[in-house]
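One chain, subunit A, appears in both complexes that follow, with subunit B as partner in the first and subunit C in the second.
For the complex of A and B:
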């Protein structure tokens, strides 16, 4: 049903995909310029492998993202959350269901665009077929982890109502430490370690690096383990946070 | 014309008076500005950890670009976007009818009717970044000396503001025909957020796209070029030309849209 709603707002969706693609192309172009300025490569990446990284990242990001940080605070503010709380399943599940519909649309738009740009930028990836398949297999796990972390950050809205500041902070963490601005290999060592210690990199940068062959396939099980661990930890933390949040919420708008 | 600016000034005062009632918001906005600044500086740090100069831009010159990005962003996100969002909402509810009845240029007021006073933070940060960048990097032998560089920079920033206002109006007019504008406005905000780099370092296709289809890239780059003494006559001229084109087009489309508008309240 949600797919039908989306199809009606085609211009909206087109501009949104354009915006998300622009981000990737801008950062990709910056790093290609850096590689060129250094005579062809930097930290093991050339112009072609930078293109490979960012274009695969474009797909990974679209396959794992959710709107929960926008959706949940909106529902809290407008009071839409209250009626959903009475229903016998978790309100966030509805947003998750909508996201599945969005994924279907994403596959149909973003993947062809990425494929065309792959040719335009002469992108290279070193990953084997097995590595790409492993990355694809990791996507559902990465999505679940991402959705849980998204929900955890969004649930602050149950207390604060407006979470523009927190959401901005969260997205900036995802941008920098998730590997969206640059592949992790370009960071100084301490920042690389910091990024590996947090969940953001594992949901975005890691599946990307696995697919392009920067992260070894033989260690893919570590990635799967870390993602599972973060999913469980976030899920466990979310339970008391959500319950306390619902109590604090007291239904705006009722 | 003076009358229009008078009315816009009154809207600014009213917005400030309203916002000052919600003082806790100030922390949210200050936090936002600090985070955005921090990430911008971190990404510059990463890039300039690898190179000394990118397409002829030193890290100090890049601070100036960032400063222009923040300053123009304060106006784009803080005045134009919110005013356009209000316009879209007014069209949906029918309040726009009253706007049209008032004896003042409806388009000019629509572009500036709902400013967000907290964006002043971004403006201050932007100006500070420009000042720091120029103090460290100098004007690089700009034509007309520092004074000429600053005058040209301010002039071209004004061109950028006009370009942004016209571009946003043009897209908001789309909402006269299709009722799906608000999402587009948010997406545009998001797109502007990535223009922290001079478009001259981009590949030709992207450079052209950010000068025409989404001309805000040009609007950020050209004032920074003027300030850092690398003003390119062709680029400056095309910025002025494109801005003029967008202003005229938005005027035309606005008039057509208003004529076709039948009111949602009636």
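For the complex of A and C:
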């Protein structure tokens, strides 16, 4: 149904796609400039491989992100959650379904643009066909894990109602530790280890690094295992948290 | 004998309390509240018990803040009771089992089921999938709803372009696509014009009669309750004040009748309202005069005796005796001071 909504607002869809791409282009341009300023490479990344990293990241990000941290707190605050709780399925699944529709739109718009950007910026990736296929295979698992983690985070709104400040912090962590701001290799070792201990890197940075060849294909099974573990743990924690949250939620405003 | 399978709703000692923050107005009080927050407990629903049989249409009356919507939320599973128990269609609502949710509908306000940006028929199709309604049944139900609610010209327009009354009719259709056995309707005609209200009332009445659905509806419009409900529950300050027939409520709380006296146009009373008032004043309290008519409030016990004398008034054409409007009866029922709030720190 969300595809129908997107089609209703064609200009909005176009602008959203453009803004989504521009953000990554900005990060990419900054790091390309840094690599050029440092004699052609930094931490093993050249201008070309930075371009490859960020353009692959663009696609991985669109295939795994969710709006749950915005949608759910918004519904709680405006009293729009109540009618969704009456339906015989989890209210977050509606947002997840919307995201599937968004990804279809993204494949039709962002992927072709990323392909053009690949040529424009002379992007390079060292990943084999097998590595790219393995990364593609990991994306559904990464998407599910990301949705579960986002839902667990967004559930705090059932108690706190407004979580704008906490959400900014959450997205800052995602930006830094997920590999969206820069490849993890650019950070100090202690920060890299910290990032690998959290789910953000595995849902975003890891599939990207696998596709571009900086993460070895032979260890893709570890990535799959880590993602599965995070998905199972998050799902298990989410059950009692959600039940308790619904109990605390006073359905006010509806 | 009523068996458990005949009971649609069973509420026992339902209670719901909220703890709400309170503070005085102003910046200083606002800053103080950052460090030391005062709260008070509001008991929105207190010790409410009732049973509703399957197929009944029951009105739920009360002033704003009485606890009606909170009770509906507890019965539909939106809210957990602080204490007490509720069973609806044999299920515990707070567990929110999907089987239970497929059998109920809750309508609160005008923005519930329909997606704002797209035509209603797209939302209907989504709901068909959500509720697992097979296509043939969906088509039959939808055609019926389109006819009953006159939706044909509306369902292919984006919902945000519909008027309030049109949107409400589409919301009703959306809520009933899956043929729920239990309808919770919270102010279903709020904000609608007279014609739209009538249409919604007729639809609810026909739906309940045709499907045997149980309906619990709240409304501030007594016309809704009078038209639809055979039985009313009256709640005030969170407590159930009355459970029975609406007429019984009126008889219990109203000891007056309204007598409308009509004078001949050419008579003294018919020509001058002040004369008409003087003529009827000995019979009771004059509450209204309009042209050749004069309305006087008479104690119920005195009606028979006084009506005989009324016929002797000069120029009288006709008179009618009616019960007090139910709105005035309800005003009297609701006239009582609220309990003092408890402030804690």
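List of remarks:
In this text, the second predicted complex is superposed on the first by the 253 of 254 C-alpha atoms of A that agree within 3 Å, B and C clash if a C-alpha of one lies under 4 Å from a C-alpha of the other, contacts with A are read in each partner's own complex, and residues count from 1 in each chain.
As a convention for this text, a contact is a pair of C-beta atoms (placed from the backbone, for glycine too) under 8 Å apart; a residue touches a chain by one contact, two chains touch by 3 or more.
Nothing here was measured: the structure is a model prediction, and the numbers come from that model.
For the composite obtained by superposing both complexes on subunit A, the positions of subunit B and subunit C are free of clash and fit together. In the superposed model, A:225 makes contact with neither subunit B nor subunit C.
Within the superposed three-chain model, A:85 lies in touch with subunit C and out of touch with subunit B [touch as defined at top]. Of the two partner chains placed by superposition, only subunit C is touched by A:247; subunit B is not.
Superposition on the shared chain A places subunit B and subunit C such that, viewed from the Cα centre of subunit A, they span 80 degrees in steps of 10. More residues of subunit A are touched by B (comparison of subunit B with subunit C). Superposing the two structures on chain A brings subunit B to within 5 Å of subunit C, judged by their nearest Cα atoms. Looking at subunit A, you'll find residues 9 touch subunit B in one structure and subunit C in the other. Looking at the complex, you find that subunit C touches subunit A at residues 18, 73, 76-80, 96, 98-99, 101-102, 104-106, 108-109, 111-113, 115, 117-118, 122-123, 125-126, 130-131, 158.
Residue ranges on subunit A touching subunit C, taken from their complex, read 1, 4-5, 8-9, 80, 82-83, 85-89, 246-247, 250-251, 254. Subunit A makes touch with subunit B in their complex at residues 9, 11-12, 15-16, 18-20, 22-23, 25-27, 29-34, 37-38, 42-43, 120, 162, 164-165, 168-169, 172, 175-176, 181-182, 186-188. The touching residues of subunit B, counted against subunit A in their complex, run 25, 27-29, 31-32, 35-36, 38-39, 42-43, 46-47, 49-51, 53-55, 174, 178, 180, 183-184, 187-188, 190-191, 193-195, 197, 201-203, 205-206, 214.
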